[in-house]
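The following blocks contain the structures, represented as structure tokens.
Heads up, the next two complexes both have chain A, just with different partners, chain B and then chain C.
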Partner chain A sequence: MKRVLPIFIVVVTAVLLITAWFQSGGAQRREMRSANSPEQAVRLMLSQIQSHNYDAAYDRLANRTDIDKTSFMREFQGSYGSLLTYASLEKFEVSPLHSTDSDANVRAHLHYSTAVGPLDDNRDMKVQKSGDIWKVVWPVSQSAKLPPQVIPVNYLRWDVISRGASDDWGVQNVDSPQVRIVSMNAIQRPDSVVLVGEVVNEDSVPAYVNVGATLLDAGGKELAQESSFDKISHVLLPKQVTPYRIDFPSMRLEKIKNVRMDAKALLVAASADPVIEINQQKMETDPLGKKVLRGDLLNQSGQIVNIPHVIAAYYDSNGKVIWVSDGYVAQALLPQIPVSFAVDVPPDIAKNVQTYRVVVNHYDTNSQS
Partner chain B sequence: MKTLITVMGVLALAATAAASEIHGPAQTSAGSAISISTSGSGEATFYLIGPASATKQKVQAGSDVPIVGDQLDNAGRYVAILCASDGCTSTSFFVTPGTANRLGLLVHPSRVPVGKANGISTVAFVFDNFHNLVLKPQPIKFSILPKNAKEVSANRESQNGVAWIRISSANKEGATKIGAEIGHADEVRVVQQVAADACNLRIKASRAKENFLVETEPVRDCSGNAIPDGTVVSFTKSDSAGKTTVDVPIKRGIAKVEMPVQGPARITVASGVVTGNELEVSASR
Partner chain C sequence: MDLVKSGADPEETLEAGYESKLVLTLNSGEDNRTVETSYFSRPIPLRFILLLALAVHGPLLALQLPLTNSYDANFHVFFASHYAHHWFDPWNPKWFAGFSQATYPPLTHQWIALLSYVFGLHFAYLIVQLVAVLLIPVSVYRYARLWVDERASSYAALFSVFVGAVAFLVYSAGQLPTTLSAPLYLLAVPYFYDWSRSADGGALIKGVVLTLTAGAVHHVTLIFGSVLFAFPVLWLAVIDRGEERRGISVVLRGLIFAVFAGVGLGIVLMPYWVELIRHPIQQMPIPHASRSNLLLNATYFTNYFLVPYGMLVIALPFILWYGAANRRLRPLLIGFWVTFIFGLGGTTPVPKLLLGRAFDVLTFERFTLSAALMTLPIVGLLAERAMERNARRAALGFAAAAIITLALPMAWIALTPFSANASLNVDAVDNFLNRDGHDRYRYLTLGFGNSLPKVSTYTDANSVDGEYNSARLLPEFTRYGTAQLTSAKYFGTNGMEALRMMLRHASHYGLKYIFIHDPYYEPLISFAGWKQVESYDNGAITVWSREDIPPARPIPSDAMPTALEGLLWGTLPLASSILAILFAFLIPDRQRVRSEVLLPFPPAAEPEGVLMREAR
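Take a look at the complex of A and B:
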């Protein structure tokens, strides 16, 4: 009887340890450590990145001579205050594309969890067999570097001095900017009603703009109220036009009789810098078969744009806005260095798109605007 | 709440009892001192309840109660109550606004595009020295003092303390002063008249190394005013490489951008809802 209790405790402890090992993915890790298939090699490397074990992930590369560890880490950790610096690799999916005895191509679909929501990235990787194990050939991107130089920037900047609290009644204040909604289109999507359109700052001063909408039924009763949130470029310089999109989830167009639109504008301090050029915009089909609008962003100023946000408006043959899509770019925009972007377009919308227009919103950690 | 109950109680007492007597002027103007005469004898309590204040003091019944001007700053109905040992008695009088000597001037908007008919609203409120709205009609002189031009003025009479005019903005940009005057008081506001939408927006292109330099001609409105710097001009180029768009702020009157071109390309320009000319260029030319 004296021995039963210690034996029981040892057995229970062993069971708990084994269970914990299985639950923490130990078995999976052990299986992958062998990397006896191309997919396993990629999975192993990505799971090590997921657990921030960059040394082990770097050791899994076949082309370590071509890429240094810091550059490799930067691909996942981000740099210059980019969106990836506020993100973590949440999960990934790996699928084989092509395979022979000595090499293979594998596609990895990476899901990041970021400060502004989920971010997806697709990477096609080559995998090589080295002895008994498979190793990943990480695609080396030769990022251009700008030589040290001074870029003079002398664009306008607006500052605002408002009426003080101690001023007498009736003393003049500076008025809010005049903005106008130039178009609005209500679209029924499978799971929601979406309002898209454009708004212009008609004034000679910058404006911080937000567009809201209230849906009303036939009896004038309020059905729902939403705002454009981040589906708009909030800071508009004089005469600048931005697309906007307002989503009403679980709503049907038949229920709606009226829409009350409300564009609110505040006078804000702003800078006309940076100017971002959007080059080589093209509607394409991506490797996953989805319709996307691709292009390159080029920061013309000398200031780093930490988090670029692309908003695209799509027009039909009558010039009506039929869709607005947006996407955050994972990389920061360094001066004069092009960075590519791609935003999704639903396939049923894409077939009616005649033309499109892209604007870039930017979030800068050292912004003075 | 306690004060209200006290005041109500005093008023109720004053309505029921009428032993001592109290007499004041039927009307006086704001800020003027008055005297209220009382009858009776002995020690009494004097209350003065106005539209914005209530005071209480010990007085001698039968003597005059002096009320200084400071206690009568606010126009409206005042009630004076005297409570002596034989009960309370009351009288009421009106304080009218003093001489019009201050103006509240609201001018809207603070920025207006040039050439906008009735685009500026100017409203003047007439007050006395104590911020009481002067309801009696008063003549007000509105003036427009444009920069480098003659003053223009118009007279209006206030109605219920308010007078207003609507003014059209000039055709030339710049600040203009709008003033209103009454007695010794005058108030001035500044309205910025800004250029209207761009008119006849035109671009030209020239070669710059491997790219094309596209720039606008000086951007002006239909009255010839320069569109302010910082106003965004959107350039769009379409060629075989795809579409390129850039929102460029005007700098020193023009907006310009360098664009790479592959083969034949079409370049368009717009500012807000105004579109300009189109250019056909070719990289091989």
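Take a look at the complex of A and C:
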């Protein structure tokens, strides 16, 4: 026993360790490191990016002479305080598109966890065979650069004088600005009920606005309560309109008898700057076959907009709001440089869309303090 | 009797070692008719070991390392603070819009609360932690005496002062209940052995009461300890039963002990069981690094294996060899092995296979502590053998190994990429919440790490967040695999989705104020309609508010304990510990009775054989 027991313990422990190593994907990792197929080469590079090992990821590129490491890192880490600077690559899926003995095209679906929620991105990558291993040819993008120039600032701004430092930011001891819910439409989706509509600031002063909704059943009992959260532009300048959307997960329309809408408004300080122009809007089908609303955002001011947020309202032929979708743009808006955006539209709704309207909300690091 | 002869068969040598234990129990040094005068040849007095433990851990605790560096220390202080204010009401409204503290055994927190009336919360925490640290060598000594002789046991106790897992759990993890419960349970185990082997009624009473006390300190340690620690000891009791007793009687007595302990725990922790039955843990599993395969991540391997075991890793082959060579040590070796495998978490498939869903609820560093403590009797024996061969060299080697083992976790605190962020100054946050009626609303901290309990301890305002995952019942938490919202970003999409869900329901919870110590969260808060209103420490902490949020109202919950449950919770656990202390003085151990017999000097040749069997 004195010899059998230690041998038994060592052997069983070794077997357990090896079993778990295989179960945990140790063998796959080892295989991936060899990069002897196009998919493995992309997986290896992305897994190195995932673990923030950018040196090793950069070494996996076939065209290192065309792109410097800093530019490559910016593709994943972002710049100018953009959404990608608040993101980390959480997971990815790789699928082959086309392959020969010497080169291949691979599609990578990248899933980021960001400060405002999940962000998905699809990248088609070219992969080349280099000796026994495959390497990724990273697309070189030339970012536009503007010459130094002066941009005059002549936007409107509304300041509020408060009684003192102890006052709350929303001034509540004066009449609230007049805001009105101009439309509301309840839509049954497969997994939820969605309320969409628009709200307008009818006053001559800016308003902070938030729309909440309470669903009531036939007996007047409260079924659920939700708010528009980030699917609204909270600060409305005079006469400005914003779409809103309120989601009620796991709810059925037939249960609902009444909806109690509540638009809260407070007088706040606000400014019209930065002005963001929306161009080239069009509905189209993306490479994955999904219906999207595409367009370009152009920052007309001289300040950087770090995180733009696009909210789009879609109307049917009667001018009724039939859907509201939103999306955060991964790139920062540099002055005068257009950045494209795309927001999803469910296919069953897309076929009824006649017109659409886009508003842009934004977060700027400099304007918070 | 020369215990070690060069080239002797190891089994014979070790069996002789066991015999020597019986002799040495009563008459140290008597076996060879000489009195050992060398320090290296005598057992180390327990008093000296306790002084050493005090000298090593006292200054580290005086530096408040657990409170400023560890993950959980502030959490335990927060729980204690609630008991200090509401002894008989386990319902705590300060976290998760209200939760029951009857979901966590209360004894540690109640002792901190009691002491806090005199010393304040922080110092009280350190006192209780010091008691735990001092109990460890005492309990290891008593536990080791079951397996090895007095001298080896004293070495085991000495090494326990330096065990990396202890330092890791005390100074890095802040798991006070685990580090207090483990020694209490180790103290109970020898009584379990005595009762099972020789039907000692006093041992049954003391053992059961100590078990109840250990359970009232930490349930998980007890539940798993009862199998991992007790089973080898029961096996040993069967081996040691003597020819006059039957093995089945020993096992039956073991079962009687288990029944008494089980019923006792059912009563002492009744509110806990009621909560568990009413709300079994059904939330989405929260990822924890100790459950991963440590071989696939160097940092995790260092954190959960190298640091807690330290130089014990090098001793593993010897532990295996010595443990297998001696029939009496085999149960301990097998017990250690099983515990060791559990401590590896997801590095082997065994824990997941055996624990099922519980695997995703437990963290596995506590098993490493148990495994490390279980090795110590064999390591003590190893040291004894080495000392007999070359005392000075062995002493030097073991001393160096012990110091390295202790130094590793201390160094790791500085080197680890994981930061508890427990030392953040949150005074400004508490001041804000405690003025101008701000405590009428609920609040949330983001990026505060393990400083969240510090905020909660010293404010009357309530939070929707909290640090104790098992007590969470709000759907915003249970539907997502995330721990506290203050660290949401570390849980990726799940964490941020849980945070989004909570912010969506801000009006429902009266969640008006958000304190941010990590700019990462600012975009989301801004898009959701909050505005920055104040900042502290040069912008390190910013305060955000939303003006359209109504004041907080109580959130109804069926988890609220009844008044009777509160009464039981406030009395029985503490009573069990007071009873354990009383019994320690009032019911003398058999061994203590015999050790009072004055031995002649030099010791006479007495026929001690009959008594030896009974000696413990």
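Going forward, the second predicted complex is superposed on the first by the 325 of 369 C-alpha atoms of A that agree within 3 Å, B and C clash if a C-alpha of one lies under 4 Å from a C-alpha of the other, contacts with A are read in each partner's own complex, and residues count from 1 in each chain.
The working rule: a contact is a pair of C-beta atoms (placed from the backbone, for glycine too) under 8 Å apart; a residue touches a chain by one contact, two chains touch by 3 or more.
Since we're looking at a predicted model, the values are computed, not measured.
*Asks:* Just to be sure I read the superposition right, which of the two partners does A:2 touch: chain B = first, chain C = second, or both, or neither?
*Replies:* second
*Asks:* Under the stated touch criterion, which partner chain does A:121 make contact with: chain B (first), chain C (second), both, or neither?
*Replies:* neither
*Asks:* With both complexes superposed on chain A, which partner does A:344 reach: first (chain B), second (chain C), both or neither?
*Replies:* A:344: touches no partner chain.
*Asks:* Would you check which partner chain A:90 touches, where first means chain B only, second means chain C only, and both and neither mean what they say?
*Replies:* A:90: touches chain C, not chain B.
*Asks:* More residues of chain A in touch with chain C or with chain B?
*Replies:* The partner that reaches more residues of chain A in the superposed model: C.
*Asks:* Looking at the overlay, does A:281 come into contact with chain B only (first), chain C only (second), both, or neither?
*Replies:* Once the two structures are laid over each other on A, A:281 reaches chain B alone.
*Asks:* Touch check for A:20: first (chain B), second (chain C), both, or neither?
*Replies:* After superposing on A, A:20 lies in contact with chain C but is clear of chain B.
*Asks:* Quick one: is A:175 in contact with chain B, with chain C, with both, or with neither? Answer first, second, both or neither.
*Replies:* Touch status of A:175: first partner only.
*Asks:* Which chain A residues contact chain B in one complex and chain C in the other?
*Replies:* 169-170, 172
*Asks:* Can you list the residues on chain A that touch chain C in the complex?
*Replies:* 1-3, 5-6, 9-10, 13, 16-17, 19-21, 23-26, 29, 83, 86, 88, 90, 111, 113-118, 166, 168-170, 172, 208, 210, 212, 225-227, 229-230, 234, 264, 266, 268, 306-307, 309, 361, 363, 365, 368-369
*Asks:* For chain B, which residues are in contact with chain A within the complex?
*Replies:* That would be residues 104-111, 125, 187, 189-190, 194-195, 197-198, 228-234, 236, 241-249, 251, 257, 259-260, 271-273 of chain B.
*Asks:* Within the complex, which stretch of chain A touches chain B?
*Replies:* Where chain A meets chain B, its residues are 154-156, 158, 169-170, 172-175, 178, 182, 200-206, 237-241, 272, 275-282, 295, 300, 356-359.
*Asks:* Which residues of chain C touch chain A in their complex?
*Replies:* Spelled out, the residues of chain C in touch with chain A are 10-11, 292-293, 295-296, 320-321, 323-325, 327, 330, 333-334, 337, 341, 346-350, 436, 489, 492-493, 495-497, 500, 503-508, 519-524, 526-529, 531-533, 535, 539, 542, 545-548.
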